[in-house]
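Encoded as structure tokens, the structure appears first; notes follow it.
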Amino acid sequence: MNIIELRELTKSFPGAGRVVDNVTLNIREGEFVTLLGPSGCGKTTTLRLIAGFEYPDRGSVRVSGQDVTELAPYHRPVNTVFQDYALFPHMSVEQNVGYGMWIARAPRAEIAARVIEALRMVGLQEKAKARPAELSGGQKQRVALARAIIRRPKVLLLDEPLSALDAKLREAMQVELRHLHQKLGITFLLVTHDQTEALVMSDRILIMERGRVVQDGTPPDLYERPASPYVANFLGTSNLLRANVAGQDGDVLAVEAGPIRLRVRMSRRFEKTEKVTLAIRPEKSALMTNARPDPGRAVISGRIIDHLFQGDVLRTSVDIGLDTPFLIDTQLASSGASQRLPPTGSEAQISIDEASIIIFPGWSGS
Amino acid sequence: MSIAQPASEEIRVLADAGDEKPPRRRDGVAWALKGFTGLVLAALYFPIVVLIVFSFNDNIVTTLPLREFTLDWYRKALTNEDMLRATWNSFHVAFFATALTLIIGTIAAFAIDRTEFPGKNVFRRLVVLPLILPGIITGISMLNLFRVLGFNLSLETVILGHATALISVVVTQVYARLLRLNRRIEEASGDLGARPWQTFLYIVLPNIRSALIGSALICFTLSFDEIPVTFFLTGRENTLPMYIYSTLRKGITPEINAIGTLIIAASLTIILLSVWLLRDEGREEKR
Amino acid sequence: MRSLAHKIRIFGTVALAFGVGAAMVPTALKAQEGQLSLLVWEGYADPSFVKDFEAESGCKVQATYVGSNDDFAPKLAAGGGVYDLLSVSSDAAEVLVRAGFVEPIDISKVPEWNNIYEAFRNVKSINVDGQVWAVPFTWGANPFLYRTDKITTEPDSIAVMWDPQYKGKIGMWDDKSMLYNAARMLGIADPFNMTDEELEKVKAKLIEQKPLVRKYWSTAGEVINLFASDEVWISYTWGGLMLNELGKQNIPVKEFTPKEGADGWNDNWMIAKGSPNMDCAMKYINYMMSAKGQCGVSTVTGYSATNPVAAKTCMSPEEFKAKHQDDIDFVGKLHMWQAPPRIEEYTNAWNAVKAAP
Amino acid sequence: MTGRGRRNLFAAALVSVPLAWTIVFMFAPYAIMFTYSFYTKKFPMFVPDFQFGNYLMLFQDIQYRQVFVRTFKIASIVSLVALLLAYPVAYCLVFKVHSRKIRMAIYMAIIVPLWASYLLRAYTWKTILGSQGVLNSFLVWSGILAEPTPLFLYNQFSMVITLVHIFVPFMFMPIFTALEKIPRSLLEASKDLGVGRLGTFLKVTLPLSVPGIVAGITFTFCLSFGDFIAPFLVGGPDGFMIANIVQSQFGTALNWPLGSAISIAILAIVLLVITLSDRLERAGRLDLG
């Protein structure tokens, strides 16, 4: 059953134009769905339309079958975790968490019990009397969570909840949120610009670009089969090469990008000289160590610009005669390659897994 | 109008500026500046000291050398029926003017912060104009209005005049506070089921408390001390400053010094009280 | 600790709110019937005689003081309902009648009416359109006053006010009647009917005097204070009142009447239009016309009474004589104030003098 | 009612209350005053008319011009003196006082007199400067003067002193704020570049504090421009200011149309000063990028 149904939702702001543009989507009960996109893509506005902080110019919002498009926030069965937590600075942690129930005039004993329960769930029992100002970022985050789940909403809306945390904490919270989702069994709708976060936590990801949902799928789906160069580059990194079709012979497509010629296995038919964009994942490429390429790998050559050590990964930039350098990721743990690095400035051959090359019609960015 | 710097905001700026390390060398300029500052402070307080000293001096003329210590002037001031009545009138006016100002001024600050409407810029400028406009203009223009409306002048017309003149104080203070108020906490409150009035009462109000108390105190003291507007709008009753004003034209005795000392003591108490009341909040916000 | 401080702070806030809330009490003290509001010259609502009136009549008296006859009309123009009773000099009375700021007086309710000097009763400016608009209750002359310890030879002319010797020690009343005085000194025949040219001359003369003037005062209290604090040695005064007060403070002062003659005036009670306290107003007028009122004012101010019948019962024969109560022809020798027909030009001229550098 | 409708209604209510107040108690009075300024004085009050005589009078009659010029002069002197007093104090406080507590205390000490009655402070100057006042009696007692001088009181000098004393905190506050906002790193950078102390002050500190100076002058100038109490209490025969004229037009002269015209002129001057200062402040900001 769909717990959230958005139909042709459109919202403009003066000066900003159409921020949400004809968005239609469904979210099933119990799902963990992420709206992913860069800042300004309309994902937060979509969330605010669902929460009721904004009203759409056109379209409708339904939550568990009920049309809530025109309802005030306090009449909607959803709760929100805000980006900057939005804790009430003049209230203690337990007052913050209990606020929703207090407003609903729940009996005092019940409020107390539920506050304890919610705080236990986020692991903050001992801070019940503290003021928000006395908490760390992660603790505030937990209070915001506890406050939002205490009323057991049908949907929990999370607006960039982890963006203000440092990297370590963020990773830990990602896991915790995931567990919380499983424990509570309610629908989570997360908004984020962080692709890792989206990939780690979500059952399903909706990618937004300029007010529209451009792709909808599970994380592996999106990663393996991006629908556009935009998605390919947004989810993980991709080398995007603008190329022209040089010819097609059966399943093999020959493309040219500047000085580079590649032959790619491709069933789809292209016109000769048609513009295409190739998306090549850095981790599917490698610096060639053998004299000969393995079967199924294409080879291009270039000059090494530099190596960037990123912990478990080594990122190598190679000048292949195009505008942007070609990036290669090498897993250090497995190969121990760092000892045999070709020096900066030296010529290098790059081998690419042909099967991983994705071809989009048209040139990206034009 | 950026010239309107609310006082409590200033104090906060001040509180935020931390201690710094002193410079390594002693420098002459610094000592000259400090000496100058001392002189200015002395000049600022000299009249106030004179006022206080002569309120205890047993001489009808305020002249040196001092004579005996006396409390007579206080005894006289505190048994002066006209003056006590004027004092009560001043309390009455200041209380209601402050209450009215707070209500209208807070709503106005919200309107400026939260809504867009045609003529908003004119409204913004108009509402803070009395802050800098000589009081005599406010007084006279409102006198014109009451005459056209056929209102008889009374303490109530004075209250309306003061409220109009002082709204600018509340608007600038509360507006400055609203700008720093996180709108998300209001949304959070609504999100958690609170009606707008509940959100205002439980969330907004406690968070603009300092601006409200601060501007209320400023308004109260300003209204208590107001002359130019009162001069044109008062009827049968006099406020304390108007009483003093008319007394100054009549015979001047150190009784006025005694009244003045009492007023200054009261004002000082109010200010210290307000600084103390608002102190904790500033600390919390700093984080 | 924290919570204690918090509690104290809450207590402080509440206490403050209550303290301020107490200020609502004066609402109960609002002006009401029986609260007689006077707009008068100083000395006309002195506690020495008002206390008895309040006790007898049950009316409460509250006074606001004027510093000039030009103060009456503006205060009434600003709106009704503020003042009940006014003490207006004859020359300013007709203006108020014509402006509709005052009520006519039913003299049948003033038992002492026929005892008042005819000269005052019959003044044209209080008998307008066949009705009586004012009750004359006191009169006097306005001489000059000087410090005998600072000015040792008694001056005899208004010209002393232009004497550079007394630069910075001269006081002048902030009132258009200063024009009449200067005119008289310049030998202008009719100070109340000056031509433009004469008015210009008078204005120039007064502007010439400005550097010598210490202060243009506007109330009796102010000029008394100026004398007492040694700011002023010589000034125009309201006969009697200042002398009395300064005498009490042991300041050596003396009045003199210049050879050009002194201003004369008489003051009248008038009732403001729409007064809610008509009864109390009439009671006060009648009280002021009785011996208690006539002598009360005369004692405080040193002015003369208009009701010689009543005055005789309360003044000593010497006082009666000193105040010219037996010699009403004395009034004829004074330059009684009149309303200048071209009052606007006069007002403007006086304002120009004050505005000049 | 829908949430959206309720929100719009709420916004309308929010706007209408202060808007109504402003229209009734500010806009209407100014409009009435403006209307009156074209009326003609006619005994006893005035009659409706549309003529510019009242305004022409302001330019033609020398007495009004003189007073306007004098008021300008005194307000300017007051602003200048207040600036010369307040700036060094604010500078000292911001840059030379290093303890936050002391700085806070002195700051409070300077603005606290604002809460002490205006009238009483003006009156006290009268008792200080008078012939028998504190100053004169001290000078005579100490033998500096043989006899009291009348030079202290009832002239423009005493008015300037009184007005400066009353309004100096208004000059101090915005300058302090402006100086406080100057990043210390800028000053250090300037010194780093080898610019001397005076150079740093003239090239960096002073220009950056211009908005504060402008705001302070605006306040002080406008408030002293419209004062009518100091001239009354401590001014002499040559101390008549424009607000006294207004007062007398609504008082003894009973010429409301002329009084209204002068009030409108004052209003216009104040608006002009505010606009100018807004411009200056903005320009100052632009200069600094």
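Read from first to last, the chains carry the letters A, B, C and D; within each, the first residue is number 1.
Rule of thumb we're sticking to: contacts are C-beta pairs under 8 Å (C-beta built on N, C-alpha and C of every residue); 3 or more make two chains touch, one makes a residue touch a chain.
Everything numeric here is computed off the predicted structure, so don't read it as measured data.
Shared contact partners of subunit A and subunit C, listed by label: B, D.
Among the other chains, A has the CA centre that is most remote from the centre of subunit C.
More inter-chain C-beta contacts link the pair B-D than the other of A-B and B-D.
Every chain gets a centre from its CA atoms, and the centre nearest the mean of all protein CA atoms is that of B. Between the CA-based centres of subunit A and subunit B the separation comes to 54 Å, rounded to the whole angstrom. Note on chain placement: the centre of subunit B and the centre of subunit D lie 16 Å apart, centres being C-alpha means. Between the Cα centres of subunit B and subunit C there is a gap of 36 Å.
Residues of subunit C in contact with two or more other chains: 78, 229.
Of all residues in subunit A, those touching 2 or more other chains are 52, 72-73, listed in ascending order.
With touch defined as above, residues shared between interfaces to two or more other chains in subunit D number as follows: 6, 130, 132-133, 250, 256.
Inter-chain contacts, as defined above, occur between A-B, A-D, B-C, B-D, C-D. Within the complex formed with subunit C, the residues of subunit B that make contact are 60-61, 85, 88-89, 91-92, 94-96, 98, 143, 146-147, 151-155, 213, 220, 232, 235-237, 246-247, 249-252, 273, 276-277, 280.
Put simply, subunit C touches subunit D in their complex at residues 68, 70-71, 73-74, 77-78, 95, 98-101, 168-169, 210-211, 213-216, 229-231, 344, 347-348, 351-352, 354-357. Across the complex, subunit B is touched by residues 5-6, 9, 12-13, 16, 20-27, 29, 31, 35, 37, 42, 62, 64-65, 67, 78-83, 218-222, 224-225, 228-229, 245, 249 of subunit C. Note for the complex: subunit B touches subunit A at residues 182, 184-185, 187-195, 198, 202-203, 206-207, 284-285, 287. By the touch criterion given at the top, residues 6, 10-11, 14-15, 17-19, 21-22, 24-30, 32-33, 36, 85-86, 88-89, 91-93, 96-100, 103-104, 106-113, 115-121, 123-125, 127-128, 130, 132-134, 137-138, 141, 165, 168, 173-174, 176-177, 180-181, 184, 197, 211, 214-215, 218-219, 222-223, 225-229, 233, 243, 246-247, 250, 256, 259-260, 263, 266-267, 270, 274, 277-278, 281 of subunit D touch subunit B in their complex.
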